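Sharing a structure with you now.
Note that the chains are named A, B, C, D, E, F, G and H in the order they appear, and that numbering of residues resets to 1 at the start of each chain.
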Amino acid sequence: MDNHHIDHDREDRIGFQEVVYGESKSVEDLSHILEDFISNGKNVLVTKLQKNKATVFLKKYENAMYDEPSGIFILKPLKELIKKDEVAIISAGTSDIHVSNEVFYTLKYMGVNATKVNDVGVAGIHRLMDKLEILRSFKILIVIAGFEGALPTVIGGLLSQPIIAVPTDIGYGVARGGHVALNAMLSSCANGISVVNINNGYGAAMSAIRILNLINK
Amino acid sequence: MDNHHIDHDREDRIGFQEVVYGESKSVEDLSHILEDFISNGKNVLVTKLQKNKATVFLKKYENAMYDEPSGIFILKPLKELIKKDEVAIISAGTSDIHVSNEVFYTLKYMGVNATKVNDVGVAGIHRLMDKLEILRSFKILIVIAGFEGALPTVIGGLLSQPIIAVPTDIGYGVARGGHVALNAMLSSCANGISVVNINNGYGAAMSAIRILNLINK
Amino acid sequence: MDNHHIDHDREDRIGFQEVVYGESKSVEDLSHILEDFISNGKNVLVTKLQKNKATVFLKKYENAMYDEPSGIFILKPLKELIKKDEVAIISAGTSDIHVSNEVFYTLKYMGVNATKVNDVGVAGIHRLMDKLEILRSFKILIVIAGFEGALPTVIGGLLSQPIIAVPTDIGYGVARGGHVALNAMLSSCANGISVVNINNGYGAAMSAIRILNLINK
Amino acid sequence: MDNHHIDHDREDRIGFQEVVYGESKSVEDLSHILEDFISNGKNVLVTKLQKNKATVFLKKYENAMYDEPSGIFILKPLKELIKKDEVAIISAGTSDIHVSNEVFYTLKYMGVNATKVNDVGVAGIHRLMDKLEILRSFKILIVIAGFEGALPTVIGGLLSQPIIAVPTDIGYGVARGGHVALNAMLSSCANGISVVNINNGYGAAMSAIRILNLINK
Amino acid sequence: MDNHHIDHDREDRIGFQEVVYGESKSVEDLSHILEDFISNGKNVLVTKLQKNKATVFLKKYENAMYDEPSGIFILKPLKELIKKDEVAIISAGTSDIHVSNEVFYTLKYMGVNATKVNDVGVAGIHRLMDKLEILRSFKILIVIAGFEGALPTVIGGLLSQPIIAVPTDIGYGVARGGHVALNAMLSSCANGISVVNINNGYGAAMSAIRILNLINK
Amino acid sequence: MDNHHIDHDREDRIGFQEVVYGESKSVEDLSHILEDFISNGKNVLVTKLQKNKATVFLKKYENAMYDEPSGIFILKPLKELIKKDEVAIISAGTSDIHVSNEVFYTLKYMGVNATKVNDVGVAGIHRLMDKLEILRSFKILIVIAGFEGALPTVIGGLLSQPIIAVPTDIGYGVARGGHVALNAMLSSCANGISVVNINNGYGAAMSAIRILNLINK
Amino acid sequence: MDNHHIDHDREDRIGFQEVVYGESKSVEDLSHILEDFISNGKNVLVTKLQKNKATVFLKKYENAMYDEPSGIFILKPLKELIKKDEVAIISAGTSDIHVSNEVFYTLKYMGVNATKVNDVGVAGIHRLMDKLEILRSFKILIVIAGFEGALPTVIGGLLSQPIIAVPTDIGYGVARGGHVALNAMLSSCANGISVVNINNGYGAAMSAIRILNLINK
Amino acid sequence: MDNHHIDHDREDRIGFQEVVYGESKSVEDLSHILEDFISNGKNVLVTKLQKNKATVFLKKYENAMYDEPSGIFILKPLKELIKKDEVAIISAGTSDIHVSNEVFYTLKYMGVNATKVNDVGVAGIHRLMDKLEILRSFKILIVIAGFEGALPTVIGGLLSQPIIAVPTDIGYGVARGGHVALNAMLSSCANGISVVNINNGYGAAMSAIRILNLINK
């Protein structure tokens, strides 16, 4: 009754294929979907997959990879990347690793190698200043922050590349859930920062891919 | 006591100069700021300037332009643009003109000519389908919508360019103020759409400029 | 002290009998209620019943059925339906199965056979276009969506039947809990879409029953 | 630059033509839109039009009608209706007249005569009880309420027709803006009530039209 | 370091003694508090005590009583009540038992016997009508409801006694947590209904006690 | 089309007659309503009537009274009150006069004389302490506060009468609109305080009337 | 009936006298209050007084001063200050002048001279860096910001003095009203920043006074 | 890939070193961070560390201390404090111990001894009055409250020291999560109270340290 009809033409249409949102699907439904991709000879990216469900599929598909902090699951091994680094994934530290890894592995799945730049939080701004030259060398900056979400604003006043801001759900009290970081990024007085949903590392990566496709065309 | 020190080095630093947010400043404070720009031989863009305040400055500076729906004020005449169209400003109709004009004039101030594509709302999707080929010819799509904010999602499933979504405050009941459109855009199940604040046409334009600078480098 | 007095006249009064909301009742209280229905010779529909509580009743009443994703529990076997399909249950995929099943089984309990139409999400609009003729053959369309909730808007611009929109709680970040989908449906720029509470598949089904009763009178 | 391309095929496609949302459009933009309808030989319904803007058009188009409480503007005189009453518009009193009139005139524009049933608020429930037989004679009930929004719930427990609930923005304190009435209607423990946006009398009328089209087919 | 100094004079001051909020206190802290009451020769009422913590104290104090749905814990046996019924606790059914029991046992602890009147929900209003005469015999009506919270409004239009409305957290979607019921009660168009916090059965009972003290003085 | 049918039996039914909410009704509609009351030989209380509308009726009905801060309008002169003071209306100062007057005049209309006790704000608690004996002499305490709404909590810990708390919309920043005061009153750690809607002086007075009716029966 | 009893002992009690919140009081009520202060030989500070009301009092009291952006009104001339600068009032520019002036004049009224440091917004962080040495010379930093409210966080990571953060209502879209700035300041990942209500320049100044009293004791 | 670079210069820069937010970091990431501090010869404070993660580190580092209610973890033993008490930590009782302990241990880690003053809730204000002289002897008052958060307001009207208010998440219904207490503190009509995030005992302690550093310089 519930056959999943994958949008296999999407890649032809807009350059990237359908991805599977894992969080709210049962193991049974995911199994049908994965088999459908396999029978079409395709690789597949599953996002926000919980560990207990991933364990089932890691046993079944021995080449698959799974990143626990982000919940990213990739069915087949990825090819060696030869492209040079074009994207920096900037965050204040390890608390946001569930999001920075989602960006990292989504980009990798799309064939883009990225570099993580950590420990550049706004509460210790000199560390950010020390890395300005390195940051200037990337084409796109994906900036991740929870709590008060000020990091994209500070970077936006210092650097001129496209900046994709990703709020995370890290924080407590008024910051719980990430809405403060999201709203602070949307309200930024720095110029031309664009924003994705809370914890949407996948979306930030795809937004970068849209830009890179434009450059590399 | 309240001297305004304009950030005249910003252009050297990140490629675009400081802009003036007009909505919450008094005529007196704005006068000082405009004179400071003039004395530095610069043009200036003022955003969200109310009509009663604009009238004062239009009398004083005869070459200035003012767009009433958006509240954009530009001090000096802009040079003729020779760049070809690279940005499409897409919206459902004239209700969102205060935002589409803010995008249009900000881009023009930055030296970029843009094309408006109206009347492509999701409630009559065949009109959007008819324009897909035209839309495919632009490098960047800025998609504006109020109410339920579904337009960027539909376009995101059909086209592969960078998409910057701008929610507007048009709507009533739960949609009043634009939060529904904003949240719908952030929650979009289409891939890689990035979003700016409600009515932030200026920010969308600057986000496009960051991408265009990257391409045209 | 807490005797439950079932509204056994409701069926005479408004054409459908009382239903039991299972989520917040204890096993003990539910047992009394079920026995009361049984002693009145009636069947009963329990909604949103958690699995651990359903297990108790499945052991006790061997003819009962239980659908785990939706939590629908029906005490007695339903008669074979001879009515033709009049309702389509439209959704983007398996993530919303907890709601589409609640619609499906409630309709079935009320004697109405429905057809599920899946994988017609707005991010791949051509798949929806391919199914327009099929959708046109139904009397009532129940459209289910989480995340940005754009599907009813798109369908509302293409089809003329009564449309009942059901937001679901599927999504993360700003979409968590389903409020974005709900508000987007309420704000739809498409004409004449009516909406029920988040995850309220039962209510959507009953709303359809009210319309079908009117037609079939 | 801003030509409005009206969706003149919509009537063929889904049985009713495009309507104009008047609140956020300028007189200039509305003028272009009205002329476009006129040049296509069509009548047009404008919703939520402010009085100062309506005055301009009432002078220009002498056959036009305008209802001030609701802001409904109709360009050409409507034909005499011969259809019998099929819709009841139920509300507690004159505070909600801006919404009940929007329902009434939209239905009239669509060729449907409706009857208003006022003064049936929940705080004096015997008056509602007195009118139950009258209410039973209508095919569809549109129930309007502000404040705590309880009226659709009470009616839903007493009558079996399709019920479309319309929350209004009437109320103060926590009720200001209509969100309490909206949420109470969505949360109703009565069966099968569907809901539209706050003050969306137009949407409720169109939802009724979708059902009536189905019956009268 | 954390000695608890109980407000043992409160009874003299305002007629009722300090009560212990159990939900957020540890077993260790509660133990000290209970012993302090015991050493002062007093009984004590603990509210919203979780089952795992209650179990510890039920073992230790063999005369104590504990009501699991409400989490009410009372240290010593209550005296036989000879007062006649003065308070009715009205609710729609067993879903709100966690709150109706909190009202019931708090009143009992304060020496007041109350009567529960269930199954009088607004979706089946005739059952409420049948009980009007019984309800008229009570001095105070405590009306409990979750979901859309309409019951106090309907009762307020029919009866003239003091009405204390208690919203509960029962409901899903927009109703989850009880804010809709609370706001609907606050917005009631019925006259002179007063409201307490969501699930605050204890507060409703104490509000009744303040009134009864006034009458019985 | 919009005849207003006043609930003239309400007084027999629940002891107090229908009152008119003036804020959202037009002068025309209010005129019909007032005439209806007059033709039935009744007095009438209109709440929250704006000054511009009141002026019309003060000209027409020369015996009418109108209190501008609260917007209370009473058609006919009230009889001399002989009842002794039973209700204290307590507030921190003149900022809340719009609400304290609504309580005062509603009580007066109902035949109850009340005493205002001002300048007892929590920021200067010794002034409250000085008035405790006076406050103890009243049967019912209506406590009004905006901003952080702490006054009912402090009074609730000191006095044992029924306390009806009324939040007001006075405050700025997070306190704007009165939601903080409302929520603080609902969350009060003092016992047995009941609450009405923001600015609902009318409701607080009617709640007191329900209690007084009980006492004086 | 509404005599205002000023808390004239407050100064003895806690070191600073009562202040008058002007926004929600009528001219008549304010007149009584001012005369009460005058008859007690005291000066008085009125906050958030609207211009039309201030004009009345400026005519009546010729020595009074009024600052229009902040709405601060001071009845008598202030003595010449001899204290050296101890407080810096830091903000990004003239948009927040309504708040920075409220801080400035409240401090002046309390006998403290402060220095405004403007144009140090986070979007141009080098200008802030240039002023670090100057900022280090103040005892207390009051940091004012609207929009995303990031300035206190950046300053908090660079300087070690007490920092009082004041969010302002400047911003649009999600930032309208100042809640984003407030929440970002509360969520700051910088250490030991304390926050006052939106636009509460008065409160920030008084918080500084409490600290200065401690130092200068 | 994820090396943590601790900001070891922060102590030189602003007088206190980096602290580790434990709640959202994995055991593995925390292990790297702790070892980094150890290899730099430093002690470290971890906040909001869950018990299951603390257990791992308590086994590994035998001199470490862990406070379960607050989740404070300190790697090395603290030196004996010789400073006299300068800070009072005031709260209503043991429900807020998770926050009062976070304040206490953070201050201790910073070398400041503090005194807890419990059981001074606003519902029994005489107990607070009894302790006024003791409270007057402290330099700084940190006032902690959940529910309606009125305690700082009452204390602010009685005492003149710096007051840092800390809302807690203790409460239910509208108070759940601590937003009511937070907003009530921000809206306080008492003078000069500054506020930190919900449950942010750490931030309150650091705010006190900034003031103490100023005094003791």
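Quick note on the criterion: contacts are C-beta pairs under 8 Å (C-beta built on N, C-alpha and C of every residue); 3 or more make two chains touch, one makes a residue touch a chain.
What you are looking at is a predicted structure, and each value in this text was computed from that prediction instead of being measured.
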Contact-pair overlap exceeding half with F-H, pair selected from C-D, B-C or E-F: B-C
Approximate Å spacing (C-alpha centroids) for the pair subunit D, subunit F: 35
Geometric centre distance via CA averages, subunit G-subunit D, whole Å: 49
Cα-centroid distance, subunit A relative to subunit D, in whole angstrom: 45
Contacts with 2+ other chains: residues of subunit G: 10, 13, 123-124, 157-158, 173-175, 179, 182, 186-187, 191, 197-198, 200
Which pairs of chains touch, using the document's own definition: A-B, A-C, A-G, A-H, B-C, B-D, B-G, C-D, C-E, D-E, D-F, E-F, E-H, F-G, F-H, G-H
Contact set on subunit H toward subunit A in their complex: 1-7, 9-10, 13, 18, 21, 23-26, 29, 33, 48, 167, 169, 177-179, 182, 197-200
Subunit D to subunit F touching residues, read off their complex: 69, 93-95, 97, 116, 118-119, 123-124, 126-127, 146, 170, 172-176
Partner subunit E, residues of subunit F touching it in the complex: 10, 13-16, 19, 139-140, 157-164, 182, 186-187, 191-198, 200, 203-211, 213-215
In the complex with subunit D, residue positions of subunit E that touch it: 92, 121-125, 147-150, 153-154, 156-158, 171, 173-175, 179-181, 183-191
